[in-house]
Amino acid sequence: MSNKYIGQSVTRLDARDKAMGRIKYTDDMCDKGALVIRVLHSTVANGIVKKIDTEEAEKIPGVVRVFTCFDLEEKHYYPTAGHPWSTDPAHQDIADRLIMTDRPLFYGDDIGAVVAEDEVAAAQAIRVLEKSVEYEELPFVLDAQEAMKEGAPQLHEKYPNNVLAHTEIHMGSVEEAIKEPGLTKVEGWYETQPVQHCHIENFICYAYGEGDRTVVVTSTQIPHIVRRVIGQALGMDWGKFRVIKPYVGGGFGNKQDVLYEPLCAWISIQLGGRLVKLDVPREDTFISNRIRHAIRYHITSWMRPDGSFAARTIKAWCNNGAYSSHGHAIAAKGLNAFPQLYPCDNIDGETWTVYTNRSVAGAMRGYGMPQASYAFECHAEDCARAMKMDPLEFRRKNLMPVGYYHAFSKNELYSDTFNQCFDKGAEIIGYYDKVKKYKNQTGDIRRGIAVSTFWYNTAVYPIALETSSCRIVMNQDGSVQFQLGETEIGQGADTAAAQMIAEELSIPVSMVHPVSCQDTDITPFGTGVYASRGTYTLGFSVRQTAMLLKEKILEAAHQFTRMPVYNLDLIDGKIVRTTDGRELMSIGDLALSKLYTTDGSQHLTAESTYQIKSNAYSFGCCFAEVEVDIPMCRVRLLNIVNVHDCGQVINPLLASGQVHGGQSMGIGYALSEKLMWDEKTGRPLNNNLLDYKLSSFMDHPRLNAAFVENYEPTSAYGTKGLGEPPACPVAPAIRNAIGAATGLYINELPLSPHTLFREFSDAGLINDPWRKEEQGKEGR
Amino acid sequence: MYDMKALYEAESVQDAVRLRLEHPDAQILAGGSDVLVQIREGRRAGAEFISIYMLDELRGVSIDEEENIRIGSLTSFSHITKDPIIQKYINVLGEAVDMVGGPQIRAIGTIGGNTCNGVTSADSASTLMAWDAVIELTGSEGTRRVPIKDFYIKAKVVDIRPDEIQTAILIPKESYENCFGHYIKYSMRNALDIATTGCSVNAVLSDDKKRFERVRIGYGVASPIPIRAYSAEEFIKGKEINEENIKEFALTVLQDVNPRDSWRAGKALRQHISVVMAERALKECVKLAGGEADE
Amino acid sequence: MSKQYKVVHCTVNGKEIEQIVDVRESLTDMLRNDLRLTSVKKGCEVGECGACTVIINGEGFNSCIYLAVWAEGKEIWTLEGLTGPGGELSDIQQAFVDEGAIQCGFCTPGFIMTSWEIVNSGKEYTDDELRKALSGHLCRCTGYENIFRAVKKTMLRHLGKYEEAELVNSQGITEYPEPMPFK
Amino acid sequence: MASQLLMAKSPEEAISAKTAQAAFLAGGTEVNRLGSSVDAETLISLKKCSGLDGIESDAGYVTIGSMCTFQQLIESDKVPAYIREAAHFMASRTKRNMATIGGNIASMRRDSYMIPALIAAGAVLELAGSGGSCRIGIEEYLDKAAEYAGCLILSVTVPEKIKLMSKRYSNTAQSHAVLTMSAAVCGDGIVMAAALKNSGIYRLMDFEKALKADPEMSDDDIISWFRNWDAIRVEADMFGGEDYKRYLMGVTACDFRAGLASGSGKEVES
């Protein structure tokens, strides 16, 4: 049956309020009288805090209290990752963080906090305190492979050689397979860089006492998990906390970690429940929240003359920064994807997650796949070139075939999704003509076009618990409110859920109201949004709950119409007798009657939890066309098209918005974004929005999103993940397009002027007569 | 909220001068797009400030009796770009300041502030340097005029006396008469960015448009303060307009620029870009002046 | 050291305002904390992200690096002022809603104020000029695409070019002229 | 609501600012309350006005500054007991911290805590007006209220040692009194005054004469005297019927006569 609301570009439910400026984010809700907290950060990359002299700071007018790492009576180490908890200790995240530590492990670690009446006094106090900390400085290490070597500084005793985890995969026998004659070996190192989420609303939370409990209002993706972690961090019952999540100004994974909520709650408690607000300045967001894992790959493939893979090996070193946060999950996801994207019988793969004295890496849109996609697709391009095959044809030949089944995750590729996406994208951008047009150019300014794809799945089954709960309450006029554990952070989860409920109950979307701001005291349990699970996961509990409610509605309808339930249905807000199509009463009349009847009055409501035991492949591709100005070492992105198979699209307008956002993050990842540290001092160099080159309006061409809708059989409404996939294929597509234009295929990100100048000089594309002697392999 | 010990608001230029004398260590606040940010970062926190933002008398562009183009020091970047006199005689300055930050920064930022904070990356500085601008300062003893190349002393230090404020920037007639300029800003992104290197070239061609009568070239971020590449200017003076001379002109700039090596950009990259920009900017000037720069 | 206060007289969203401020306050502080106009957002406090943009005497400014005392005698508009008395959205606000130009919504207020200035300027901006005029705002959710569409459509409608406005969504792929040796 | 507030630094400044549309603001319990009887364009605050808050005793008399609050009176050792007792009639401590003696007099409340006692004590007010300052008895001030309305009360002077009794009738400590009466020995006779809610503040001269003429009047005679006294207006209202009010005055007069005669008057030494 054709859908009435699903698949429609329904306007975002909160769009009007946001366009009027009356939407309330955390800072907008906080009372003016709140005290301001500023965190005191370590100014050494590795060390021990011997003493912090707080006397001078405490004298500054306006300073209310100064806390230091020595004020913790008991040290409660806690995990910060936004993962569902597990009763099996082997599955629990590593609990290695303190709200304030006397053992800073990176420049920007939290060693104290100031509470003041306004931000000026707080900043004055911080500047004074920073000069009155006595450290025992220790040597530090910033690179992942360096950190694994003997003699490198050890961050955590329980993890020798700073290796948080090391996993391997083996299939068939590489040793044997490479003995086959006539094989071509292709090898490459691929380097991805640390980047940051840069959501425009910095992390912010405030806390105050209420009865014998503490309320924490915070900008987060995972309110229920935040409550659990605050309890763990403070060594108190989890029920002693109530977490409220107002509208959020972007998260992208940074707010899928528990950041400063525990410290803020603890300070409020120390001050007898006073209202305290902790808002993180942009400079601290860059280094003291979470960043994306920088991963270095070494991939080798042995190709048969017909362009198929005989054997493949992969090694990946994943720089995790100073604390575990999400731990090995990011590296593991990349490794797990390697044998699936380009299946091969003989594969050896291993990956390490390594501690370094750098900002903590956590979840960021793609969760390891943008890095892996860059390595896999650069390597695939290199293999295609080695075999003198058209890159697109090479991919069509080697990519995961239809019907592929992955035993561990029970995922299955039900449709010819790769080819469908390639065809659609090639047609939109005019790929084939442009490939011909741009063959062997010679001028200073050259153009190139290329395509890349990626592997992605939806949600985290079977690696972790996948559950979603929903409550729907019907009002006397037949309209409903619904509550969900899945949080709205700008991706449109509320609107998608409303469309699903409208479809299931057959009432207009205007009668479906989200209770958007989750409150752990009221909202049914849910682990929040991450891993592109939003629409997919909530679909299960929403449909199940809506069906339960419909059952109650039809039973009530039976009471007032005498017709048997199986002859009744709910269509366009009316109770209809299916045998002859007659409309018997409106849903509003029914709801009113059922509530106020003196014979069996009942409030029509339903609530249920659904544990999801399935996953879904969500693939797609990106076509990028670039113009390279070789002398100026600049790349201009002319056109870009992403085609995604995310199953049935619930809301095309919002879905294309998600693709645009992912493309934008991918463009920055490819061309300009990179967090840098001073090798000598371990100090971050560009932790502000001026020196960290986020793409501006003038760095983007028009963005194009297209969809191939293969209904996902395992999904409640045929949907699959779409939040993260668009960020994955863009960087490799741009790299390959630059290669197509200049013949130079660069294995390092970002492809900024610095990188291009060095590579163009080495390759002789740039020859500065005055630099004849110096040109050559400059240090990577 | 900003950490200021005190804020004094000047109502007139004389008032500003009086406040400068009364509060010797108070710093001047014009548009504030740099100073306010440095207060928040801590560098200027807790200082006293004299705000001259309200002095409308220092805004506007005009031609004075000596036919200098007179730009009031508090004229905002966006107003300079849109000003008819600028567009007619020294459009390159309007283009240069139109590359500062974003539209909102250009609405608040002033050309006086941009030059007074003595930063080599200031987008207006390299062009003003290339057009031999003259800085007019007003103090208790009246006004004083300083050529811009003497105004910059060293990084972040300019020739402004304790009782003075900058009141105008003048472009002499012989500097702008049938002279055509082009500015290239090399930065890592196309908006909201500081120049990695800035190159401003202007040229006066011979009447038959075949030779270079005068060429001036200024650089930002090629040394601690904005500079002129005099050797290149000397080389090209009077030379015929052709590819070979232009290329040689571009190479000669290396004798004048000495960019430093930093994490923001390597020395080799800055040198390379300086040469490429010199060539391209000069070719653009020739085209603007109606000459033939053979492609 | 005693605090310095000053009374600021200005019009905000069409209403005469007399507000006493601490001279150290930025205009964002005054608008958000004193006048409770919370549509003005703080993203960086250094004039980079544009989330705090308000219109002062017809021009867009980053209110975070604009002293409150400088608002003396100025006419200021924030997003709250664009909505009609009965809650009617102006056409630029409606375009942001219709074109899916809003996701998390944190950069939206700043973007709409600059867009309001553009579409009411009566000028026809080329695509590059439009990008430059909007380049004072950073957004991480939308990749700027639907914002570009919303602003271009509204601009064209203001100029009476309705058919051309409807074509905006279909021009995703741009054919650029052959590359000159240099631009 | 007043649109302008002036902070007078001296009585002269206060007086020069006093126009028809301006009103003095003393403690503020009357001027600032909701539904206040005072409705002025400008308020002239006396809070910072010099010279109005002292309490001096000199040759058997005490001069109290008009801006002294009721609580200051109570806590002062110079102020005679009968004044402190009257001040206690204002039950709310917080109100006593604000209300001033000058303000209480100037507002001429029909249920004034203070005025009957001042009349009985023969208090003398020092007033300052546009024409300069003068000293008049409180009765004259009350009788010619309109004439003195523009003047500023500077101080109140009362005798230190006199025998004076006061009585106040109200439902609760906080509620308005239906009747407040005071009486004092003056020479060979008694001076008596009464503040009757919704009626007025009276010097009971007629009764004093009647008592003087027939000192042996019986209590019943006194009670019936008051029942028939038609010189003042007594009406029934929420505070009580006419007979009730007249009876109250009568029985109180009896108590005063007995109290003052037997020397057990509240001439409590400080």
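Each chain carries a letter (A, B, C and D) given by its place in the written order, and its residues are counted from 1.
We take it that a residue touches a chain if its C-beta (ideal position, glycine included) is under 8 Å from a C-beta of that chain, and two chains touch if they have at least 3 such contacts.
The shown structure was predicted, so the numbers you read here are calculated from the model rather than taken from an experiment.
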item	value
Where subunit C and subunit D overlap in contact partners, by chain label	none
Touching subunit A and also subunit D, the following chains	none
Farthest chain relative to subunit C (centres taken as mean CA coordinates)	D
By mean Cα position, the chain sitting nearest the middle	C
Euclidean distance of C-alpha centroids - subunit A vs subunit C, Å	28
CA centroid of subunit A to CA centroid of subunit B, Å	43
Geometric centre distance via CA averages, subunit D-subunit B, whole Å	80
For subunit D, residues contacting two or more additional chains	none
In subunit C, residues with contacts to at least two other chains	24, 45-46, 48, 132, 134-135, 137-138, 180-182
Shared interface positions of subunit A, touching two or more other chains	120, 631, 689-690, 694, 696-698
Pairwise chain contacts under the document criterion	A-B, A-C, B-C
Interface residues, subunit B side, partner subunit C - complex	1-7, 9, 29, 32-33, 36-37, 40, 51, 53-54, 78, 101-105, 107-108, 190-192, 280, 283, 295
Residue ranges of subunit B touching subunit A (in the complex, touch as defined)	1-3, 40, 42, 45-46, 102, 186, 188-194, 196, 251, 254, 263-266, 268-269, 271-273, 275-276
Subunit A-facing residues of subunit C, complex	24, 32-33, 37-39, 41-46, 48-49, 51, 78-80, 82-83, 87, 89, 93-94, 96-98, 100, 102-109, 112, 128, 131-132, 134-135, 137-146, 148, 171-174, 176, 179-182
In the complex, subunit C residues that touch subunit B	1, 4, 22-26, 29, 45-48, 50, 53, 59-62, 65-67, 69-70, 72, 114, 132-138, 180-182
Residue ranges of subunit A in contact with subunit C within the complex	9, 11-12, 14-16, 18-25, 27-28, 32, 120, 197-202, 247-250, 252, 281-282, 428-430, 443-447, 489-492, 627, 629, 631, 638-639, 641, 653-654, 656-657, 660-665, 667, 688-690, 694, 696-698, 700-704
